[in-house]
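Consider the two complexes below, in which chain A is the common component and chain B and chain C are the respective partners.
Right, the complex of A and B next:
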């Protein structure tokens, strides 16, 4: 797995890009707000969420657990980025204790 | 209505009804007999490997009760040849490598009423009786559904074979809950020439079965998908609540009843009732494509004068 660091802005941009390319066929008008509900904007349905979870798990090497499959975590670009960043930070502190610094 | 639909609107000589032994298809078969007479109705029983014995048994009882001709055609060899079981099991094994010969399985929906996002779990029972549960990834889930959809589509192929052979119309058997919520396979059980109970809530269908004096075994049938090898209620696969409660929730939503009132009637919290309403609306949106006719670039307006049933 690559050890690229993702800050919040990168993550939001990457999630936005994925949603735009996969669910909107490249057309994002009007622009999705970072806090906007993806269900409310009809970007994602229930299969769409499963696709999103598969994308996040394979792209970032994280595992989204069942209790985390909530609208609070997954229904907006900002909350998705927060969820993934939290998981990457957790993996970083455990797996790279002797690196860097 | 059914008589008029058959003879005048569709211009066919009779009706084909595939019966699973479930309440909906049983009521449709009985309605067909009442509408056009038993000599103009053909009942089809189309079991496969995962169908339960009791389903076929109830279908036989009903056909005898109504005195209709019945053709039974085991579709398992067709499903085997077309790859239904092979594609399904390959997806099962991606999710659960131990899965194999002698295992039984079903797909269960999780999430909705707890306020989580709906997702699907494979429940599999090994030959020694132990049960495993794994969450399905999107590609496995879609492949399992696509493979099992062969069952409804092969059945429909046979229904239309007999309909064409006899110049009959095909009766579709969804109730209102299934029709509204898109609980059918496009070009599978969703395909038909006439759907006589699509406006009836499931509880009304049960009432109608008793009203028409159908055999007790039929009236007591529990709704199942009859599609997976472990016993599976429809509510486990598709609906957020058991069907009787789901039926009530749909009625309450359609009649503008506040979530608090539904919550009291169902014995759930108001927040859960609101989630049930939201889930109903979401399913309407996500299944709109199942109802949709093919999209055309522009209407072929010359056909409007010949449209059947207001289409």
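Right, the complex of A and C next:
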């Protein structure tokens, strides 16, 4: 399987880059900590979150289910990276299981 | 007619232990809220706030906001709730325009530092902070331990009670002045048609600094109902879980609220059987979205389409739910005590189905715009308010909105004056001029688009334009799209033809 590998650092950088391009417009991204609340820092609002989820789904080929739309999963760059990484890892093992059948 | 402060005092007397507000993990009773409001009134008075002084509130929805607001009303001050999403420039502009005597703010607000510095330099501006004692003695005391009597009835029902700003301060600030009578009359009429009572439990995501949220707050407190505050709609599941957990009987939203809920959640998975009424206002909701919402709600739930304007306190008309399908697209009939006339340009009344300008009269119609008699005279005459909206009334007396109000862009729950955004873009080096227009959006109804003309040879990127807007404007005012053009289309008199730019 030739799935693109993403380590945590890559994922965080990519999410940060997306936020900078689309919501911060180049200005504040270096000052936004990985653990900081995107809502608390007024980076995203309710529709901004929908755009972020759409980006994650299309960029990484994962599906974020409605019940996963929680602050624990999505309110900071670090937690977003963890969520996506978990899904990519799950997809990998799912792929191996399929292949074994 | 009971004033808002009297409504709260009555509920505190009759059901002091009943829950008035659920704010996160905290459940505040009517007695607590009443005591806190009385404490705020006493504090404001002790600090030198006098009857008629303006008190700006920069607080998100929460117990402190409600206590501060009712505290202002009780001591005769004029509450000026400010949009907490606004940047320091607009906030400072509103505070100056209202000539506020005091500001109540949350120290954690991004603009707090700048406002604190201004207040310290001003010397006259009284500062009160919620939750923390940032400046000695500034902490707003809302945990009332002292027994207070009933909140005072205002000396005059026609005195100003609130000022709601409906535009930024780059152009001409519009501060809608609402009197105690305006608020009391509109609240009474809304309570009447929604049949609100003390067993109602309303979950609200609407900010109280806007007219719709303001009316949701006062109508429910007036009857001793419970208000459950949800900070936003970022996580639709959390809002739905709250509706289930609290066995909510009521919910309120603008069209984008319902579009967001339906886009990321299956309402059928949640037990919403206690829901009795759902209110929609804040702009036309497409009939198809209404139908999808109805399909997702329990059949026993009534869906109220409503029409209003800040200048009319909040509500002007509502569509009785039983006529929702018979009158698709209608915003219904006038509230009790409200008259509606659709007029031609020569001020004569339109015939049924004839489109004209919508005028309204009634006790909810504002006193005027703060400190701007010219602007007031342009919309108020003989007790009639020119809404600026166009529409028509059918043969049965049902109102339909047919055209937009001036150039205002309605994006989600927000209103954007194009001039506020254009002024910021025009300051960018290399920009010749800019026009800001709405484009349609599935979720938000409309989003902001900027069409920018650059000076010959200038290089300015769309990212630079958005960055400047982000630095100066509330997030919802930042253009989602930026297009560049060699010139703007104009009429023979030189006016920009925005409608030609508004196409997607």
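In this section, the second predicted complex is superposed on the first by the 91 of 101 C-alpha atoms of A that agree within 3 Å, B and C clash if a C-alpha of one lies under 4 Å from a C-alpha of the other, contacts with A are read in each partner's own complex, and residues count from 1 in each chain.
The rule we apply is simple: contacts are C-beta pairs under 8 Å (C-beta built on N, C-alpha and C of every residue); 3 or more make two chains touch, one makes a residue touch a chain.
What you are looking at is a predicted structure, and each value in this text was computed from that prediction instead of being measured.
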Side-by-side fit of chain B and chain C on chain A, or clash: clash
Chain B versus chain C as contact partner of A:70, first or second or both or neither: both
Which of chain B and chain C A:21 touches, first, second, both or neither: second
Touching partner for A:7 - first (chain B), second (chain C), both, neither: neither
Chain A residues touched - chain C or chain B, whichever exceeds: C
Which superposed partner A:54 touches (first chain B, second chain C, both, neither): first
Touched partner set for A:46, first chain B, second chain C, both or neither: both
Common interface positions of chain A, toward chain B and toward chain C: 39, 42, 45-47, 49-50, 66-67, 69-71, 74
Of all residues in chain C, those that touch chain A in their complex: 85, 110, 232-238, 256, 260, 263-266, 412, 443-444, 463-464, 466-467, 470-471, 475-476, 478
Chain A-facing residues of chain B, complex: 110-111, 115-120, 135, 137-139, 141-142, 282, 285-286
Complex contact set, residues of chain A against chain B: 39, 42, 45-47, 49-51, 53-54, 66-67, 69-71, 74
Of chain A, residues touching chain C in the complex: 21, 24-27, 39, 42, 44-50, 66-67, 69-71, 74
